[in-house]
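Two complexes come next, and they have one chain in common, subunit A, joined by subunit B in the first and subunit C in the second.
The block that comes next holds the complex of A and B.
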């Protein structure tokens, strides 16, 4: 059977915010691209994030996805295949030859798609440059069994809370009205026992924004924030953080364990040199980011390097991969926020354009 | 008036609808593919087949995201909604306005002013994208690096600039008028001042490291900032040398500043017989490799001591540091031989930018705005990058430069929407538009109102606020919008409601609902606007007088508006309209405003349902 070959200057693996931003930036530079997304719809992780504005926008950046999708749709130079992933890749002259395989995605077809469609059949792509924008993988909190995830009722992951934020929290809390909510930070990050010697950067802000939403919707909800350090960046956060310190209970301690108590999950932690126990209705584990699940396979496929934290790319350079013509964009390169991923996508695109056009190439090395 | 044809493009969301019926109900002719005088197309320009877009070039066309407006429910209801939406679009298409693009061509030349790696990289990137570039360095070439950069790195970048970049030295930008596509700059050189026009301007003001103001004041002879520390000069003797490194303590502490402090602490700790105590507020380990570095420092023997804000006290002679040991809970004194203070990147845009008479729409603190990335400022075509925007030296500055260059290239090659039309005969020269335009597009020059050619986002804020109906981006004048409201409401069936929805939030949410089959009230007319700020008192009252039982204005959340405060203006104007309504005996609840994000479809559905209920209560 003859396999169809698609020729394109650049192929982008992953249709999250970083991949979409890279595609837009390439098209601004006059370069066409093909976005290959494994899932049934564009947007990656951000497609599941709700708005956390209370009385004003808290700059989470989630609504930027709609902008990106709209702009991608408005650019005929951007082609999109959903439900597809690369299964083979070989360097070919100055570029790459990829084999794409359709993916079966269960569940109903997405409805908010503006552009592109599922890959109909196994295809070959000939591209001058490849951008890997496959995202990071959220840490699975069950790997830290002492926090009681999936064992103690009322213990949930931050992503589960996110999913329920627009709906009802009572279900998460096992039917109890959640009036006492605790967040445990750095679950799976900054953790020597796991070998995760990095901060995931976004989870402090993520948790604090959700805490604010909860307090805004249910005034009087008691929030306890167990943490080592608060990582928030951006000048405006300084003011908000001061406000939150007044309204929430910031405890600088990493809890030892979470157990089932009579009135809800109990958190055991050390404070003032003594062991303390506090009971909550809901305990939220702020899971961090891990290198993409497919990192090993992808780095083998494209002969690219990994950072010392195991993400794709190299420590020394922001978007280079160690392989000629292959670039890394977004949280596949290391933990970064939505807005940072969008900017990083643009930087990867600039580097890819440099690879494709000699004049720009000099600029990238300047 | 031209006859309006309906061009129907089948796509998801329009299943089962009868184009002929919709056309008939809306009072337009269904196109048979022949020539048209004016057209309504059922899909957006972006999704339409290229051949159609090309064929319709030069005609008055209204592109309609019909699928987003129709929604789900029984076929009869969807059919009625489709007819009203088509009628609404046809109402203004009949007026024959074209989306005129550029009456003047945007100037393609780019000015990069300032110094440092960010400036040089931006010049290089813009040139690579085909723009002639003037790089105006405030300094000599040899001193082009900012105080916080490595001179050799900047020198190398300068040497690699392509020929399209003209470099002038000792030159400062002292005044800037205009906006994207047509800036007028005054440049002060070593010998003379010159004026030149540019399409886009990138500012990369000098940056430096500075010790934050909230650091403890220790004695001068033992105190150094990180950037002046030379660790090799220190080693202990019989007595160990006690060094205190103070990481950023205040709320403005950044991960970059923290990493530099830890690096300094580690370098000192590795010297013979030196003991370092590192004081910190929060361990800001979010920089790349920051956590490893912090761990390494402690493993090498650096004592990390957390202090609460104000918890690190200095004796009167500046030689003793006192703090509460967090483990022991007791006060502890330290008499350091050396105190190293951490620094943060600082940089400020030139002071003249803060002068509202010279530059409107300027705000230093905008970098946190989620829609103003890539060094954008609110003023379209003007970029601010480098240390003044918080970027750490090296790659972060290169990255910002690349993003800004790509953005300005998009702007100058036609991403902006249109040039607003000004009707000089009506204009009262009140300068309201100059004052309110969030993007600095409108200038007053040579005795008339002169908008810049590539900067307008067609937000319509000027149109809503102009007292004389003298300015509007093409397609968004009161005349056109009222004609379309009239036609749409006339064709709408059932209890009539109007939703003015911002394209950045409300319309995206509406689209998500429609495509998921949400059943809208039958008589709901959606009116997409580029910014809620387009909706003034007049439009709201007109919608009511034309038969709407309720009006909802959906704009972005506070702090998220692409046009800065268009959403707040809309909120204000909705309130005014409600008050006026109450004064003439109407019910103020018929006019509502809501803040919304594109990912909040459920909130929109609920607000529309509530509005329908209010309108139905009569």
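The block that comes next holds the complex of A and C.
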């Protein structure tokens, strides 16, 4: 059977916000691209996030995805294959030749139908530039076993809370109405013992916004926020934080452990230099980000480097990969928020366009 | 307390002492204090605070503190520390510095004097050897020289 070859200036691996932003930026520069997404739908992690507004917008960034998808749909230069991933890649002149393999997805049906659709068969792609926008992987909190994840009922991850926020929290709390909710920050981040020295940048804001939503819907819910320091990047949080400190209990201590108690999970922590124990209905572990699970395979496939934290790319440059014609976009490069990932996608696209320029000019003269 | 009264070199001294290497990585997260059994019972014993005092250079306050001798060496703090500070070991480093600077607790100093003078925690004299002979055990002689060398003290028994 003849293998189909698709020719495109740029191929973008990963259809999250960073990949989509890169595709839009390329198209604004007059360059077509092919977005290859492993899952059944576009949007990456953000597709699972709900709006966190209470009485006003809290700039969580979740709505930016709908905007990106609308713009992608309006641009015919952007082709999309879902349920596909690269299985082979080789440098080919100034560009790259990739083999794409269809992926079986048993997950939910695509939320947004777009031109393109699932990759029908194994295909070849010839591209002048490759942008890797495969995202980061959330840290699995069970690796910090002392916090009781999957061991103590009523201990959940921040992503699980996000998934339940629009539905029922009682289910998460094992049937109890959660009136006492604790957040434990930096689970899997800023942790030398795991080799994760970095701050994941988004989890403080993520937790505090969810805490606000909970308090807005169930006034009187007691929120305790166990943290080292509050890292809310890039937005005017000062006023909001002062307000939150009035409404929530901010404890500047990382708990020692979480155990099962008669009325819910119990948190052992230090206050006033003494060890204390407090009981909650729900304990939320604010997991951070890890390098993408496929980082090792991808860095081998595309001969690209990894940052000192294990993400794709290099410490020295924002989007370079160490391989000619290959660029890194979004949280695959390191912890980033939605807005930062969108901006980073545009920076990667600009670098890819710079790499493509001589090739495009040559083609025009040929 | 004035900043001028702090010794900025103290943390480097602790970090250079065997066991003290990890101290500067501390985030002040207090996971150690949460899990410390001594912190649960002794007012003022707070690993996070002790580390902070060292990092701030409050040398005299740390070395003269009776608290540094209360660690039970259970290693609970070490187990939970995300930064691999190894507080149990750090405290050993601090105690070694304190002992050299003459801040050893009186009871420990007395033990040192006893070891230096007799090479044992109990003096062995004629009475003890007579009892040993009665029980069919060989006599023992005091051999403090080895301990004097290890402890770095003068044969007279006083501290150098």
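Just so we're on the same page, the second predicted complex is superposed on the first by the 352 of 366 C-alpha atoms of A that agree within 3 Å, B and C clash if a C-alpha of one lies under 4 Å from a C-alpha of the other, contacts with A are read in each partner's own complex, and residues count from 1 in each chain.
Heads up, the rule we're going with is that contacts are C-beta pairs under 8 Å (C-beta built on N, C-alpha and C of every residue); 3 or more make two chains touch, one makes a residue touch a chain.
All values derive from a computational prediction rather than experimental measurement.
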First (subunit B), second (subunit C), both or neither touched by A:51: first
Contacts of A:256 with subunit B and subunit C, given as first, second, both or neither: second
Partner chain in contact with A:349 - subunit B first, subunit C second, else both or neither: first
Touched partner set for A:64, first subunit B, second subunit C, both or neither: first
Partner chain in contact with A:228 - subunit B first, subunit C second, else both or neither: both
Subunit B versus subunit C as contact partner of A:9, first or second or both or neither: neither
Touched partner set for A:95, first subunit B, second subunit C, both or neither: neither
Per-residue contact with subunit A, leading partner among subunit C and subunit B: B
Partner chain(s) touched by A:268 [first = subunit B, second = subunit C, both, neither]: second
First (subunit B), second (subunit C), both or neither touched by A:190: both
Footprint overlap on subunit A, where subunit B in one structure and subunit C in the other make contact: 190, 192, 228, 252, 273
Of all residues in subunit A, those that touch subunit B in their complex: 25, 28-29, 49-51, 53, 55-57, 59-67, 70, 73-76, 111-112, 114-115, 166, 190, 192, 197-199, 201, 228-231, 233-236, 238-239, 241-242, 252, 272-273, 308, 315, 317-318, 334, 339, 342-344, 346-347, 349-350, 354, 357, 359-360, 362-366
Of subunit A, residues touching subunit C in the complex: 146, 186, 190-194, 228, 252-257, 268-270, 273-276
Residue numbers on subunit B that touch subunit A, as the complex places them: 12, 44-47, 50, 120-121, 124-125, 127-129, 156-157, 160-162, 251-252, 254-255, 282-286, 288-292, 295, 306, 327, 329, 365, 367-371, 373-374, 390, 395, 398-400, 402-403, 405-406, 409-410, 413, 415, 504-505, 508, 511-512, 515-517, 556-560, 595, 597-600, 602
List of subunit C residues in touch with subunit A within their complex: 25, 27-36, 39-40, 43-46, 48-49, 76, 80-84
